[in-house]
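What follows is a pair of complexes built around subunit A, which joins subunit B in one and subunit C in the other.
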Partner chain A sequence: MIKIIDLDHEYRKDNNTSIKTLNKVNIEIKKGEFVSIIGHNGSGKSTLAKHLNGLIIPQKGEVLIDDIKVSEDHNIWEIRRKVGMVFQNPDNQFVGGTIEEDMAFGLENIGFPSKDMMGRIEYAANKVGMGNFLKRPPHKLSGGQKQRSAIGSVLAMEPDYLVLDEPTSMLDPKGRKEVIEVLRELNKKDKMTIILITHFMDEVVYSDKVIVMDMGNIVLQGTPKEVFHNKEMLAQINLELPKAAILQELLKAKGINFKDEVLTKEDLVEEIWQLF
Partner chain B sequence: MAVILENVYYKYDVDDNTSEEYGIFNISMKVEQGTTVGIIGKTGSGKSTLMQHLNALYLPQKGKLIVGDFVIDKKSKDLKNLRKKVGMVFQYPEDQLFEETIYNDLAFGPKNLGLSGDELNSAIKGAMEDMELDFEAMKDRSPYELSGGQKRKVAIASVLAMNPEILVLDEPTAGLDPKSKNDLLNLLISIKNKRNLTVFFVSHNMDDVFWLTEYVYVMCDGRIVLEGEVNEVFKENQTLKDLDLGVPFSVEVLEHLKNRGIYEGPLHPMRLESLAALIADILRGKND
Partner chain C sequence: MIKDITIGQYIYKDSFVHKLDPRTKILISMFFMFGIFLINNITEYVYVLLLTAMTIYMSQIPLMKIIKGLKPILPLMILTVIMNAFFTSGTTLFSWAFIRITREGLYLAGFMGIRIFFLIIFTSLLTLTTSPITLTNGIEGLLTPLKKFKVPAHEIAMMMSIALRFIPTLIDETDKIMKAQKARGADFESGNIIKKTKSLVPILIPLFISAFTRADELAMAMEARGYRGDEGRTKFKELKYRLADKVILFLFAVLLVFLIIRKIAL
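Entry: the complex of A and B
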């Protein structure tokens, strides 16, 4: 379980002003949950994420990973083993000449026994559907494949939690779909805890919980349906609904009455079909 | 400025010399002054390589480009004047901000191109105003203090400060939240009209391509595999899917409705408002 307790963060702009990027944030994430964090640029999402594996140490408040304090220096390696991070740009995350080398890099760093290494690498690569590409250099991979490999390299370390900061924002539509499918699969089959930060509203509809941030505060929290039901609040903080929900709103304005609010095009078509 | 490409060919040096896997191969295009064209294709399809030919960052190994009065082929030299005319906004352009003040950042490009004094000042002021950045209030501030969206605007302003006639936008909204994204695209449309620019818009977002562009080129493996008026290209539902590209949301919804036997018409892309009107008509039984 991840517990974020009264977490504050501010950075000093100059000698006289500091800017608060997190304001008394409290979150609990249970093992096996798929949690999405949304909010506009500068809302504090990434700052929050960087606290989860100690890339930023809490200034005030606490982050507990399975009851281990992120604020205490000597815990940092234990925390980083537990919480794997994947970032936006797949090209910045490759250190090896091939996928295999890249996956080995992290394992060597933690002194993983070399006789078991290949097995672990194959296991992780298969999880992200890259088992047949182990000898490939990164420049011969598509964006989606690179990002899946980055996820694989993190999985090889067998983390308990996977944090992804806008992992699809530089990918083409197919790459985006691949990455989201891998995440859903990991969550469903392996009960991997996923914390996904994204700007794509269509990506969050499958999560167990959505957390909405604005100016360092959590302003909404709940299931995707609960969160996207708060249309006025979302509009106030300039967040959009998923496209299917926008279309449903436009149809409602034309006097069409629906039984349920929808978030995906499949559900919307189902609703339309029932009215037809 | 109009842009013409005639059999432009550029092959990257890879291990296998005969391989035509990486690069762009025999690309021909004709883009009229003042149009916005979309360039789509999956990662690695050659879009960026193609765009980097427009201001001669790459010179074609075969074939040529005619950009306004400039002819670019493998022997071209003295391309400074061309580079003034073709502004390139790459992905995450804010990564390229480096000066201490916004003014200096915007001045860097035009100064290098020989602008100074009042001319320089008005180019910078004009660019900032077009990007809705307050010149007086912001010129002496550090670009690093700005929010992500504002930084992006400054970076684009620094391209506009060179007064280009052609603007290449490579995923200009990547990483922006939906509101900032729509604001930026609306702003770019109005700048395009005001400055009468020819725009090349590279994007993975098919709805944005449908919204902004008039004509679309679809790339795959360094080749143009489909081109045409935006409405025509997005009717090629299956082709686009086979190329691992998405289709606009409206087309996806219409396709679902068609599969359910609710809709029988063509799979045309359209804005959400028109799609809502169409579906409302179907439900009211007015569709025939």
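Entry: the complex of A and C
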């Protein structure tokens, strides 16, 4: 379980002004949950993510990963092993010359026995559907493939939690879909805990919990249905609804009555065919 | 077009030479380099030629590839030969105005030419049969004993392999920046050499800025994956001297020692 308690963070812009990026943030994430964190640029969501594996040490408050304190220096390597992180730019997190070398990089770091590495790499690569590309260099892969192998590289280290900081924002729609599908499957099949930071509303509809951030504060928290029901609040901080929900709103304005509010295309289809 | 640049000249083949440990190949290339300067008679160069030909044959690298690799070095070779021919003192064979060619000069020029020729062929065999990443591993392996003298062997190898990894990425980026600047009317083709060089500035500056951003993000990604230098680190591909490596290293070492002793004795 991840516990974030009263977490504050501010950074100095210059000597006189500092900007508060996190303000008394409290979050609990249980094992096996799929949690999405949404918000605009500068809402503090990336800063929050970097706290989860000790890339930023809490200035005030505490982050606990399975009751291990992130704020204590000697815990850092254990925490980085428990919490895997995937970043935004697929190119800038690819360390190895080929997929297998990149997947081996994390294993080398944690002192994993050499003779067992290949097995682990194959296992992780198959999880993300990259098993047939092990010898490929990064520049011969599409964005979606690169990002999937980045996920694989982290999975090879067998983390307990997977944090993804806007993993799809530099991908084309196809790559985006591939990555989200991999994440959903990992969550469902392997009960992997996933913390997805994004600004695409359509990506959060499948999560168990959605956390909406704005100006360093958590403004909304709940299931996707609960969160997207709060239309006024979302409008206030300029966040859109998922595409299906927008369409439903437009149809409602035309005088069509629906039984339920929907978030996904499938649900919307389900609603519409029953209308007539 | 810029994308066609290949990094290194590695050609994949399943040969005996390819399978040798990279450390063996680096070491025997160095032995060869020293050895070739200790030889100075034609018969022995014939032996060297046979040795080189045999290595090429065993490496399964097409001969044309090797000859192609010699081309860029040709001017340097010719220059060395001419310098040696003109500026060595000894018994004059031929003189005209200020030019004087000596017998010793001709000998030296000939040997120099042959030496450079073999040197290039043998070292290019090293890069033709060893992938850049294996080569880096080999260099790390050879430098490891020097860690006692504070040589940062692991760091050097890590830097080299990251540099190799990012070359295609940066070439791609250069291509994009060039196109973007061309779209805004930048002109890279016309003008003299100074103007052409100046026109590269609008490419280099964005390229540098993005390289720094990349370095920053990569460092963070590496840290996030538990990187902390070579402390407690294992290796994915461990280097191992096999019997063939040991035999070849031994033979080359014996040969070199023999050549050195002969040189001193004479």
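Methods note: the second predicted complex is superposed on the first by the 276 of 276 C-alpha atoms of A that agree within 3 Å, B and C clash if a C-alpha of one lies under 4 Å from a C-alpha of the other, contacts with A are read in each partner's own complex, and residues count from 1 in each chain.
Note that in this section a residue touches a chain if its C-beta (ideal position, glycine included) is under 8 Å from a C-beta of that chain, and two chains touch if they have at least 3 such contacts.
Note that the coordinates shown come from a computational prediction; the quantities given were computed from them, not determined experimentally.
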| item | value |
| --- | --- |
| Joint occupancy of subunit A by subunit B and subunit C, clash or fit | clash |
| Touching partner for A:Pro113 - first (subunit B), second (subunit C), both, neither | second |
| Partner chain(s) touched by A:Ile68 [first = subunit B, second = subunit C, both, neither] | neither |
| Partner chain in contact with A:Phe276 - subunit B first, subunit C second, else both or neither | first |
| Touching partner for A:Ser153 - first (subunit B), second (subunit C), both, neither | second |
| Which superposed partner A:Ala104 touches (first subunit B, second subunit C, both, neither) | second |
| Partner chain(s) touched by A:Phe87 [first = subunit B, second = subunit C, both, neither] | second |
| Complex interface listing, subunit A residues touching subunit B | 13, 39-42, 88, 142-144, 166, 169-175, 199, 201, 238-240, 243-244, 246-247, 250-251, 253-256, 265-266, 268-269, 272-273, 275-276 |
| Contact set on subunit A toward subunit C in their complex | 53, 55, 77, 80-81, 84-85, 87, 89, 91-97, 100-101, 104-114, 117, 137-139, 153-154, 157 |
| Interface residues, subunit B side, partner subunit A - complex | 42-44, 91, 145, 147-149, 171, 174-181, 204, 206, 244-246, 249, 252-253, 256-257, 260, 262, 272-273, 275-277, 279-280, 282-283 |
| Complex contacts: residues of subunit C adjacent to subunit A | 132-133, 161-162, 164-165, 168-169, 172, 213-214, 217-218, 220-228, 232-238 |
